[in-house]
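Written below as structure tokens is the structure these notes are about.
Labels run A, B, C and D following the written order; every chain starts at residue 1.
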Amino acid sequence: MSDHASHSSGAGHVSPISLYITIFAALMVLTAVTVGAAFVDLGQFNFSVAMLIAGFKASLVVWYFMHVKYQSHLTKLTLATGMFFLAILLGMMLIDYTSKDFTAMPKGTDPTSEMGAPAAH
Amino acid sequence: MSSTVANADHGHAHAHAHHPALQHHFDTMAQQKEAAVIGMWVFLLTEILFFGGLFVAYMIYRIWYFDAFAEASRSLSLFWGGLNTAVLIGSSLTMAMAVRGAQTNKRKATVNWLILTMILGAVFLGVKVIEYADKFEHHHVPGPSFVWAAEHEAPAAGAAPAEHRQLSLTPEQLQQTTQLYFSLYFTMTGLHALHMIIGIGIMLVITWMAHKGRFDEQYFTPVEMAGLYWHFVDIVWIFLFPLLYLVERHT
Amino acid sequence: MTIFGIPIFPEQASTFAKDVDALYFFILATCAFFAIGVSVAVVWLGIKYHKTHDGQIGARIEGNLPLELLWSVIPTIIAMFMFGWGASVYYHLRRPPDEALHLYAVGKQWMWKFQHLEGQREINELHIPAGRPVKITISSEDVLHSLYFPAFRTKMDAIPGRYTELWFEAKDPGVYHIFCTEYCGTNHAGMIGNVTVLEPAAYQAWLQGGGMEGTLAQRGAKLFNDLACQTCHLDTGTGRGPSLKDLMGRTETMADGSTVVVDEAYLRESILNSQAKIVKGFQPLMPTFQGLVSEENLVALIEHVKSMSPNATTVAAPTPAAPESGAATAGKPAEKK
Amino acid sequence: MLDKLKMPERHYLNNGHGLKSWLLTKDHKRIAIMYLISISVMFLLGGLFAMGIRLELATPQGDFVQADTYNKFFTMHGVIMVFFFLIPSIPAVLGNFMIPPMIGAKDLAFPRINLLSLYIYWIGGIFTLAAMVTGGVDTGWTFYTPYSASASNTHIIPTALGIFIAGFSSILTGLNFIVTIHRMRAPGMGWFRLPLFVWAHYATSLVQVLGTPVIAITIVMLGVERAFGFGIFDPARGGDPVLFQHLFWFYSHPAVYIMILPALGVMSELVSTFSKKMIFGYSFVAFSSLAIAVFGFIVWAHHMFVAGISTYAAMVFSFLSFSVAIPSAVKVFNWTATLYKGAISFETPMLYAYGFMGLFLIGGLTGLFLATLGMDIHLHDTYFVVAHFHYIMVGGAIMGYMGGLHYWWPKMTGRMYSEFFSRIAAILVFVGFNLTFFPQFVVGYLGMPRRYHSYPDEMQLLNVMSSAGASVLGLGYLLPVIYLLWSLKKGAVAGPNPYGASTLEWQTQSPPLTENFLEVPEVTGEPYEYEHVVAKESHLV
């Protein structure tokens, strides 16, 4: 069994309370930021910004609240596997749905505007 | 049953007296705990793909019917949604504190933090009930009685002139495609709420176990597993909030 | 083709049937080579190295890297070749020639309804001329169906709410099967029919025989009046709606500044979801006809509008993905502002 | 020698008696036995429906049953065989029983979850069977929308619920295997000392864990559409019925690998054991399992080439589909090479292995026809497809299952079955199978569509051949029930290692102790080393 990494016996890594408070504060601030960003017209980037912030918040929760930072490589690998296959599910679905107009896209329209971001008005 | 051979393999301290929570087919508490952690993460992996299927449907229809999604999203209350996000993040904090209490073998702290987490979870569900009731009132529940009334305006988007938005969508189309949005809204938030109810149920059991003193710093796996699950439910909401409430708020 | 009275091969009744069959025989030969090769090897090894006494064990051979690479790379190359050939045949199958005769098919539980531009309507029967490409635009009134002509080696699903299309060119006169291959309920197996391929002259005669209701476009013109479309869509361009004269294939500018090339999918969308795309300079006044016009009448209306554009050769996007294009646009009325 | 072998005094079967000792057991072996009984019942049911289908198709007119009844027959045949037989077959029975002893563990990592997965499987089965008795379901096992969402008025929700529930059983089994293989290996049992059966199950578990939740959520979406009138796939409300197909096949294509990968693992064991030779190219065979599992997730739209997907998407998915062919080919070539200079004997499991090779070859190679775009347009949804996937699922997965069951039967029960009858059964299955399904390739190329209750007259002869073959096949499957049950009482005592196999599960007594081994074994050598195996050949040669 060569693949188990730095786990400590017993209680595992005990994070200081101050860290938890900091993460909590960061999550609250980011929530406010994501609401604020939604009211600013960023054109195609509203969606990307919202997802980036959500992704960052999720990473904070995973990394600190869920202790992945202190877990074995195997745990990290499991998480990465999940992300990878989620990306396959979402990404490969788009192959069909964004190429419906692949060769017949009327000129002057931007195919990338279909990628989820609202078309600029 | 010889565990000495296996011990040599693990190469770390082995409790000489077997812990009462050690199951017969494991050699050490560490092996047992690691198995549980990996098992939980593999379970969360399936949960990621479970919600992933919903996100696919959401993504396709959001691309197709962006305006309807934006319009329907504006009818959701940002106040309740934002409040719930804060409540759920707060409950993640209290959950992390509960696990910390178990790690440091503070029974009372663990129990209290767990109870606080459950209360916050219940608050979230209560707010969800208020929101759902509002949807019923406005006939925003998909099905035969679904009505998308043009005069309904979300308070936050009141500034936008109505005719501006009506330029691109007829009432018939809104009726049709906002319904799709609400189908997804109810499926997504409904499944999320179901996960929370299950989570609260699990926590009830674990709080009782903690109260009875079943855990110590060697063995608190159930608390940790419940924590992982609860944080995952929180993460799902972290994505659902912008996807459902914040489709397009700036017009 | 039959062997001992067993039919083993369908007629090659379309121009590309032989292409598909050539591909079939190539894959068949490749597969037979590997299947027979491995089977013979396995049986021969089984006999040659049969265990002769108790306690005998095999030689210690762990593997052989060059061999592994060889039998990974060679199948890869063959597979890539197969893909390329298959893709080129597919591209041909999905690309109707411009001069193709245009028909409509509507699937409904449990029948195929065909409409000719000249006005003939048939159920579970289809008459087409030999030696001329035929393009069929397919839709469905209820659930999924799939229009399949085994003798022509082509099929396409009928999807409610979308147009799909297929084409073929029948070679010889004869009668061939039409099947529905997408399971559609109780009488799925009864959703079959015959396609009768006629000599061009016989086809013309057949066309004369039917058509009591006039051509499809004429029927559309009548609907155009019945539904009062002509009260707004004046040919002069001074009506409340845009003129539909010479519309097909034109690039129209919408109220939001975007442009749309007028094709069948656009017309379909404009009738069913009339306010999805508003031409610049007009008010969104037109009522929606969703649920008021059947699929059959819809194609008649579209044909009528097309007949008002005598100079437009074909739909605006003569590309292989045109069916998908139509499908996608029809399915997402509200995308652009 | 035969007389000297005695059944061990203490083993998992006599460690506790009575119903309660079974229903509340945490022993993976007892759970496996209960799975074996459950899936056998399901197999019988599914088989009866298959017989109904073949009887109907013996004549072209559709005169044996009504069209509606026929539609329910093939739907229930598909649902039962796919979700309640094939998916749990090898993993839940043979994997469940053999993985812990193969890696030198006392049990799976989560014995209670293992038992839970069995109960979940039962609950799912009850829902589906209840739907069946109260009138059945007629959508085909694919549940395509909008037919399933609105047009059909049969019992779709209970059936779908049953599949949804059974899915969790599959997920929990996979989860248990993954953690067990990672964390429960005996000292010295490194990844490259694992038997290939374990590798195959590791790959299978990945697919179960990653794919099954997607079908679960798809069923939820279908369910809310049907039950509450939500319109997620409804074209009348702007939904896309093709999206259902995308989501459905995202799981259901990889699900094929849930069925076939464990059979490939069984094959590796059989080929090695019965040629007394280590597997040629061990690491290639091991990694090809993982490759098949991963590639399986990126090819799903090849089920949808005529479903209205874009030309571009069709090209991409066709291209990717060929990627699965390569690791499959690598496996077949490596097994062939393993036979070279072996010491080959043809006990019943090896007969199944040989049969598997032939049928899997045909099944896999005909997959190339369907992955090729220009070809698939003609073949899609015809009997060619039916024949192809039966060659994989019956010719592959069930041959592997039967081979594995015969191979490990002496380990599971401690007794040998009749070698004579089992060989006859193996030959009957092989012959009957080919007679049933080979004509379907021909009739498929002729253009006979799937799920047809009646068909044109000229296709009758081929269909009659197929129906005749089905009866032979049915006989071949019934025969083992008789001699295997017979062996429980009257079979010769097998001894710990009747085939002289090399893997760890044969190093303990048959049937094993509840804790599998008296002492945790320490693994020192490579897998499949026959030099050190103490062969107890017994009466077999």
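The criterion applied here is as follows: contacts are C-beta pairs under 8 Å (C-beta built on N, C-alpha and C of every residue); 3 or more make two chains touch, one makes a residue touch a chain.
Since we're looking at a predicted model, the values are computed, not measured.
Path length between chain A and chain D in the chain contact graph, taken as the least number of steps between touching chains: 1.
Averaging the CA coordinates per chain and comparing them to the mean over all protein CA atoms picks out D as nearest.
C-beta contact counts were set side by side for C-D and A-B; C-D has more.
In terms of their C-alpha centroids, the spacing between chain B and chain D amounts to 35 Å. Computed centre separation for the pair chain A/chain C is 40 angstrom, with centres defined by C-alpha atoms. We define each chain's centre as the mean of its Cα atoms; on that basis chain A and chain B are separated by 15 Å. For chain B, residues that reach two or more other chains under the stated contact definition are 9, 34, 38, 42, 45, 48-49, 52-53, 56, 60, 63-66, 177.
Residue numbers of chain D whose C-beta contacts span two or more other chains: 182-183, 210, 214, 238, 240, 246, 250, 309-312.
Contact with two or more other chains is made by residues 256, 320-321, 324, 327, 331, 333, 335-337 of chain C. Residues of chain A that touch chain D in their complex: 1-4, 74, 81-82, 85, 88-89, 92-93, 95-96, 99-100, 102-103. Only residues 182-183, 185, 190, 206, 210, 214, 246, 250, 297-298, 300-301, 309-313, 316-317 of chain D touch chain A when the two sit together in their complex. Of all residues in chain C, those touching chain B in their complex are 255-256, 273-276, 278, 284, 288, 290, 331-337. Within the complex, the chain B residues that touch chain C are 63-68, 166-170, 172-173, 177.
Those residues of chain B that touch chain D in the complex are listed here as 1-3, 5-6, 8-9, 23-25, 31, 34-35, 38-39, 42-43, 45-54, 56-57, 60-61, 64-65, 142-144, 176-177, 179-180, 183-184, 186-187, 191.
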